[in-house]
Structure formats: C-alpha cells, structure tokens
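Each chain carries a letter (A, B and C) given by its place in the written order, and its residues are counted from 1.
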Amino acid sequence: MAKLPPPEELVKINYSTPVKGWMDVPADFRPGTFSYPGKPDILKYLGFPNPREWSPTDADWKLPPDWREIIMKGFRERLDKYRSFKVFMDICVRCGACADKCHFYIGSGDPKNMPVLRAELLRSIYRGEFTVAGKILSRLAGARKLEEDVVKEWFMYFYQCTECRRCSLFCPYGIDTAEITMMARELLTLVGCNINWILEPAANCNRTGNHLGIQPHAYKDMMDFLCEDIETITGIHIEPPVNKKGAEILFITPSGDIFADPGIYTYMGYIMLFHELGLDYTWSTYASEGGNFGLFTSDTMMKKLNGKMYAEAKRLGVKWILGGECGHMWRVINQYMDTMNGPADFLETPVSPITGTRFDAAAGTKMLHIAEFTADLIKNGKLKLDPSRNANLRTTFHDSCNPARGMGLFEEPRYVLKNVCENFVDMPEETIREQTFCCGGGAGLNNEEFMEMRMRGGLPRGSAVKYVQEKNQVNTLVTICAIDRATLPPLCDYWAPGVQVAGLHELVANALVMEGEQERTMNMRQEPLPGFEDAEEEE
Amino acid sequence: MPTLSDLIEKNKEPLLSRWLDLILATYAKETALLWKQQRNQFTNPVGNRIREGIQGILTCLLADENGSYQEQAAVFLDDIVRVRAVQDFKPSEAVSFIYLLKKVLREDLWAEIKASDLFVELLALESRIDSLALLSLDIYANCREKLYAMRIKEVKNVQKRLLERANIICGYSDVQAGGEDRSPE
Amino acid sequence: MAAFYSFMAVLALVFIAAIGAGSAGMYTLFGVAIPYVALLVFLAGFIYRIVYWAKSPVPFSIATTGGQQKSLPWIKNSPWDNPYTVTGTVIRMILEVVTFRSLFRNTKIDLRVDNVKVVYGSAKFLWLFALIFHMAFFTILIRHMRLFLDPVPACIQKIEFLDSILQVGIPTLYQTDLLILVGLTFLLLRRIVDVKVNYISLAQDYFPLFLLLGIAISGIYMRYFIKADVISIKELTMGLLSFKPALPEKALETTFFVHLFLVSCLLAYFPFSKLMHLAGVFLSPTRNLPNNTRRQHYTNPWNDPAIKPHSYAAYEDDFREKMIEAGLPVEKEA
C-alpha cells in the first residue's frame, strides 16, 4: 500500500524555522499587537515633536531627518538625569530570573517579552554607542548600531510593557523594567513615535481636567444623573458638593469611573459614603482626574498633570486630599507627587473627621487613600454595614500592580472587603499581593485595538481567576483600580466567563446602611438584592 | 487481534508526547524551540492548556464511538483554541493542531496498523478527528467574535453613561434609567 | 557560539601565561608587572565606574515594594520588604546582598499534567547555586588574605579551619574549593542547557564563568596536585605588597603563573563588565530607598519649578459660561 500523504500538507504548517538570534528578528506589526499612533493634532496641542499621519505597518515611519542624533542626545541626557538608568544599563547579569515573570511573555512566548530582553533592546544600543568594547566587538559584546528597525522594535516592545514591575520584584539587583520602558518611551516621543491612547487622554486631562475631555457642565450633569440612580436605589436625594471653597477635604478619583461601566457603581459608592458620613468635602471639575497618563509619557507631562491636584487644593482652601480607587494614580502620589510638586506646606496631615485618626503615612503628600480611610472607619465602628446584601457575591481580590509594588497597599482593601462581603477568598499566593499579575492593559495599553495582546497578557491573571471560580465558586473579582475595572471585564469574559468585576466601594455602597433609606431591594447595579429576586419577577 | 483503540491506548504516552512536540513546533521561530525544549522545566499556562487539552481530546476520541465524543472534546478543544485564537495565527493555523494527530497516528503506528490491517478503524478515527477540526473552527470563530464583541463593548462601556445620556437627550426622557424592560403601566 | 568564543578566549589566556611564564620564563612580567597593572586598572576602573554612576542623581524614590506598607497602626507591615525607615532599608539591603532575598522569591511556572490549572512551584535552584558560588568565592578570597598578611590574623586561620572542618585528604580539602566548582558549573550548565537563558546569554556572560573556572581549577591543581610551595608564593606576594617586588629564589611553578595571570585578567576585566553588579546592587534605587515618600519630602535636584499645570484661571476662561449655566461656582463672573 502506498504511503498516505502527511495530513499537515493540507494546512501547510510551518515547523520550527531555524532559530535566529534576537537581533536578527525584526518586529512584525500584526493588528491586535500594537496601539494606534498619536494623532497629529494631539501632538501639536501637547507641543510634541514630529506630528504626522503614520502607521506602524508603514515601511516609512517618517522619522525626522536627524532622528539618530535626536535619540542619541536624548539617551545621553537621560543617563545623566537618572542613576537608575545608568545602573540598570550596566549591571544586568542576564540570570534569567525575570524571564518567566512577565505576563506578556507567559501568554505570547515571544522572547522579546522577557523583561531581560526587553531591556537588552535598549542596552544593545547603549553598548554599541557608549562603550568602547561595544564599538569594537559589536555583536560579540551584545552591541549594535541604532537603525530604523531598532526604533520600530522599541515601539513594538516598549508599548507591550505595562510597567507593572513584577520582574523588578524578582530581580536580584532590583532592575526595574518600568524605569527602562519609561526612558524608551521618552526617547520614542522625541522622534514622534507614541500612541494615541496615552496622548489624547493626557491632552484632555490637561485642558478639561479629565481623560475623556468632558467639560465641567457635562461632568456635573453626569454626576446628577448618577445621583438620580442613587435615589432610585436608596430613596435618598444627594447633591454632592462640587468646586466648593472652604471644604475640609478635596476628593479626587479617576474620571473613568464617572462614565464607564462598572466604574460608575464605585463612583456612586463614594457619593453615598460621604453623604452618610456628613463629610465636609468637595469634588472638583478642574482636578477631576486621579489618573495620570503623563506617567506613561514623560516626567514633564506627569508633573504638569499632577500639579493640578495641589493647585486645586490650594485654590479651594481644603485641609487635605482624599484619593479614590486607582492604580497608577497611587504610584504617582506615593512615589512622585511630593517630589515633583511638593512640599505641600499649605495642607495639613490628614485627620479623619469621623474617627479622629491621624494618618501619619500621608504626612508628606497630605493625600490619603480611600481604602485607608474606609478601613479606619470600619475599624472604629463608624459605619453601619449589612454584608448580607452582598451575600450573592463570592469575591476575590485583584491587587493592582501599582498600589502593590509601588506602595504596598494589601491589607486595607482586604479588610474593607471582608467587612462588606462575607464570601471572600484569595487567589493563589503567587498571583496576588506583591506577586500580582497585571490585567494586561496597564501603562496606557488599555485600548481596544490592543485587545488580542491584552488577552495574551491577561492569561496568567485569567488562569488564577478561573482557578478560584472552579474551586470556590467565585463570581466577582473586586479591584481598586479604574483601569482594572475597564480591562478585567473582557479578560474575565474571555478566560473565566461568568466572573464579573466590581470596585471595592461598590460593595461598600451595597452594604452601607444609610440613615433614612428606603428598604433596599436592589444593589448598585439595580439588580435584585439577595432575597428580593422573586419580588422583581412578580412586578 | 488488537483494535486500533488498544494500540493507541498502549502507546498513549509517546503519541501524546509527539503530538505535543508537533503542536509546539507550530509556534513561530524562537518560541518553538523555547517551549519545545522547556517541556520539563520551564512551562507556562499555554503549554499547560495544550498538554491537558490533547490528553483530553485523545481520551474522548477513544472512549466513545457513538457520537457524544464531540461534546466532551469541545471543552478540551476550547482550552487549546482559546489560546491560539489570541496568538499570532491565521485561522487555518490556529485549528491545524488537530490534524497533527493524524500525522502522529499514521507515522508512529503505521507498521502495526498495516500488520493488523486496521485501516477501516483508522479511517473511522480519522473521520472523527476531522469532525473535531470542524468543531475547532466553530470554537475559533466564537473566540474571535468574542474578541471583537469585547472591543465594541469596551468602547461602549467606557462611555456608557454618556451614551445613555445622549440617548435621553435624543428623546427617551420618559424612560427611567434601567427601566427600559418594564412594560408601560 | 558565544560560549565557544569565551571558552577559547580563556584558553588563550591560559596558554599565554603557560608559554610566557613557563617556556619563555618571563617571570617578572607575569609575576610582577602584570599583577601591578591589573590591580591598578581594577582600582581606577572601579572608582571610575562608581563615580560615573554617582554623577547621575536619583530624581525619584522608586522602591519596589514587596510587602504591606506602614499605614494604620493595627495593620502589620513588612518592615524588610517594604521598609519606611532607614534601618528597615539597611536590613533589606543586607538581606539582599547576603542572602539574595529577591532571587529567593523566584518561582517558576510549573506544569502539572494532572492538575488543570497553572501551578506556581518555586525554583530555588538558581538562588541556591548562586549563593553557593558567591559565598565560596568570598570565603576563598578571605582565605587568600593569608598570603598578604604577616602574621596571619587569627580570624583568617579560623575561617581556614572551618573551611576544612571535614578533615578530608592531605592537604586537607577546603569545602569551598569544591563548592565554587559546583556553583560555577551549575551557572554555566544552566546557561547552556536552559534554552530560555541560553537565548539571552552573551559572550560576556560566559567569559567570566570560564575565567573563574580557570582560576579555581588552576588554584585547586596547585594546592592538591602539585602542592605548590606556599612559602615562596608568599615571598612574592609580600614583596608585591611592600612595593619591593622580588622573585623568590626557588622557581615558582608555571601553574602559579597561570593562576596569577587569570586573576590579573579578572581584575582588569572587572570594572568594565557586568561583574560590577557587586557595586551596582548597592546603588539600585528600587532597593536602597525606603518607601516613605508619602510621609516625607524627597528632593529631585533637577526638578523644574517652571513646569506648571494648566492653570485654573485658563480652565475657567475656557468653560466659564458653561460652568455658570450648570450652577458651578466660578471665580470671575462673565
């Protein structure tokens, strides 16, 4: 009998082509793996160089004629400005401890997503242009020359890093890829290679105070709209103070939560909590953004956007600032804010007007995290809570990268969560707290065109969620980050269908027993509370 | 006289191992080598899903010959296809892995199949494999549709309240928020 | 390929020393001149590199936090993984440098065929062997101080005693001699066998490993096989140290010159290589700074006060009418 044709001929499967060194593999831009470039008018508004129409899939990226000099000059300047940059360029021993720590590497298998290789993309140029050995030995010393393909490769891989710093935790020298990615992104910006999903929010934030570019009257309008919902749910009419001078506390939270589902429920939660406490506070439309996409652009942009918080606190004459649930916002506040725009001597160390607790941890920035604030309230028994209203939820908690590895906020949100919901279980130890896995959309990569890559990067988080879903029947993933609230729903939808995503203060609002409220039959999402499911159907 | 099932059952481990090798080899360039040789040491959710998936699929193919194998195998196919649907694969490449089982069976068991004249059984099994390939295509399409649906939903979610507000301005002010399902009194 | 080149390079160095000091008898060059030059290069290069790093400021305090922050008094914080004081930071650094704490965290994604989900097993091998190598290297370095100190201090003798506590063989075997080979071999094999690490390895990753292996092997060969004349060696080293270099009367073995030459190469190579992680780890801002920047001010020397936010006045000018219409308070009426 004649030999049958091998079946894989039908589909022409490509078996392992010869393995090439990473320097010989050019970046391949396939839809779903890159973000759209910055629009020219946005670049012009921000005063960024080389505004133009272009696409990463083009052969010609229309770089400025002297792009090489620009980048080398920028490289040198940043080496002089950041010791971290110099040290991280020099001391990596390529031990590989970081390699399998990156969620994008785990999900994609692309070697250039290993943190060490991501950094080598920059290091190879550093060696080739700044060290004698690199200039002489070239490849043998792991060095190469700056070519246009290198810029393309940088754009690909430094916009495939979410600056989550998981690798930095495992590095024996603390080499921080986020730091390297920031430098690379700044260099790319110098020649006009950046992504719109970061720049447009940054521009909007500068002008209107928030990422979506919502003007003050619309912001107020939206707030009233949410208050109508609150009234529907609780029967309580609330008029939150906005731009109120002389209030004790200024509250700032990511604007995403006022428009985006499911962030809005957390947003309503804040309003309800502050109303119930009778807090003397105010919202601001001028500083209506907690997030700071400047962190993903340049130190200058970050400082400029962050400056609004203190400026507004000063103008309104508040005593201290309370910050909402957000991820990278808290990295900025905890590690950059006071250095960039402080010291804020005109403010006072936060003291809870309800419990009298003085928060020394925030004595410098004068800015307190809402989870710390609420945990203190609960600990002092100042909130009347009915966790049975969350009895239908079986929750787990996703630590957001920035509050985890750039602050260390682990127990406060868990304490709050356990007090408002009785069913709580943590995901496997290696996927939470300081070892938490990214949602796949941090550092300005939470755009929809990047969805495919986000799902790859989301696989480790998705696996952990699925694990507790199957083992503990978890149906709700709680998080304290506005970007997470946007990125985790599709992630769960894809990798662990059936798990919904909620903010911490959404659950607080569900459980919060308010004075003068009507009998609560529905939760913040206007779904029936446990015990009222039938009532809804009868209606 | 052994049946084909017996034969496969007897050689299950080497067959699965080679099938896995072939699948990992479909991962492009560097990844192929990395994952292939990392089998025992470095592994990952991707390798994990594939390994578990093919084991399950083979078991389903052997355990049941009356037709319900499709339903059972769907779960395992999903494990593999769901991953491949978000990796750099063309649709044909993404579902091609199932055909590799044919290759493994033909090449590794050819001598025994010939000796025991099991061609009829082989053809039957290959038909079942083909039907799983079609099933994989369904799963792949579902995953991709889901991706696009998620993209659209995300755009909507981001501005959910704005959209609702806009709708209201456009003349739905008589409808209560969240009350669109309620019938008029 | 990178490994091969590195191996050949080290082999070449061995031959240079063997021929130069062995056949050609250039004792003064290999015994005196090269060690002096190498030491000079090492010291100058080391200082240059530190100064080069130190010239750049640390604009932001960017500790990587590996545990619970210090916030509310009733929440237990992690004083070493997330230090907020100088003391805590010093302890964190000591644990990092002495016990490789971050590497100890190392987990590896582990595949369990029978388990449906990803299991994260711990992969402590890298930590263990890296620690073995570094500790052995450090101990051997201390032991060698006996060649430079007269009389030999008691503490060094104690270390020698502890190192040979097993009392095996004549001369008694130092455990560290064995351990350093074990450590180096593991680190080398890992680079060759582990595909992931192999893919990222450069020639400069293999070269120091081969060089160190060469040094260790020549040293062991001298001590255990040809039983080199330590008295004569000490004569030379003490001469070098007192800047009155003189070759001992009794001719030294070629192996000693090979050993010394490889050590000289290591010294000269050190400041220009990744081996500078020895010093760099102390300067890493994600580890050597406390997480206290919400508590107290941290200064960025190049902070530019001219960078101001888009002002409220400009914002109000932009939207004043709409704000008034929405009932929002404004500073200036239209």
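Quick note on the criterion: a residue touches a chain if its C-beta (ideal position, glycine included) is under 8 Å from a C-beta of that chain, and two chains touch if they have at least 3 such contacts.
On a predicted model such as this, the values are computed, not experimentally measured, just so you know.
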Identifier of the chain whose CA centre is least distant from the whole-structure CA centre: A
Far-end chain from subunit C, centres as C-alpha averages: B
Distance from the mean Cα position of subunit C to that of subunit A, given in whole angstrom: 33
Distance between the centres, which are taken as Cα means, of subunit C and subunit B, whole angstrom: 46
Subunit B: positions in contact with at least two other chains: 30, 33-34, 42, 44-45
Subunit A residues counted as touching two or more neighbouring chains: 22, 100, 106, 111, 221, 460, 463
Multi-chain contact sites of subunit C, meaning residues that touch two or more partners: 108-109, 116-118, 194, 196, 199
Complex contacts: residues of subunit B adjacent to subunit A: 22, 25-36, 42, 44-46, 82-83, 86-88, 92-93, 96, 99-100, 102-103, 106-107, 114, 143, 146-147, 150-155, 157-162, 164-165, 176-178, 182
Subunit C-touching residues of subunit A, taken from the complex the two chains share: 22, 79-88, 90-97, 99-100, 106, 111, 114, 116-117, 120, 131, 133, 137, 140-142, 165, 168-176, 179, 206-209, 215-217, 220-221, 242-245, 285-286, 299-300, 303-308, 311-312, 315, 333-336, 338-340, 342-343, 357, 359-365, 367, 372, 375-376, 379, 404-412, 415, 428-431, 433-435, 460, 463-464, 466-467, 470
In the complex with subunit A, residue positions of subunit C that touch it: 2, 5, 49, 52-72, 74-78, 81-82, 84, 96, 100, 102-103, 105-109, 116-118, 120, 126, 130, 190, 194, 196-197, 199-205, 272, 274, 276-277, 280-281, 283-287, 291-300, 302-304, 307-312, 315-316, 318-319, 322-323, 325-329
In the complex with subunit B, residue positions of subunit A that touch it: 1, 4, 6-8, 10-11, 13-17, 19-20, 22, 25, 28, 30, 32-33, 100, 106-111, 212, 214, 221-222, 225-226, 228-229, 232, 256, 258-262, 264, 448-449, 451-453, 455-456, 459-460, 463, 486, 489-490, 493-495, 526, 539
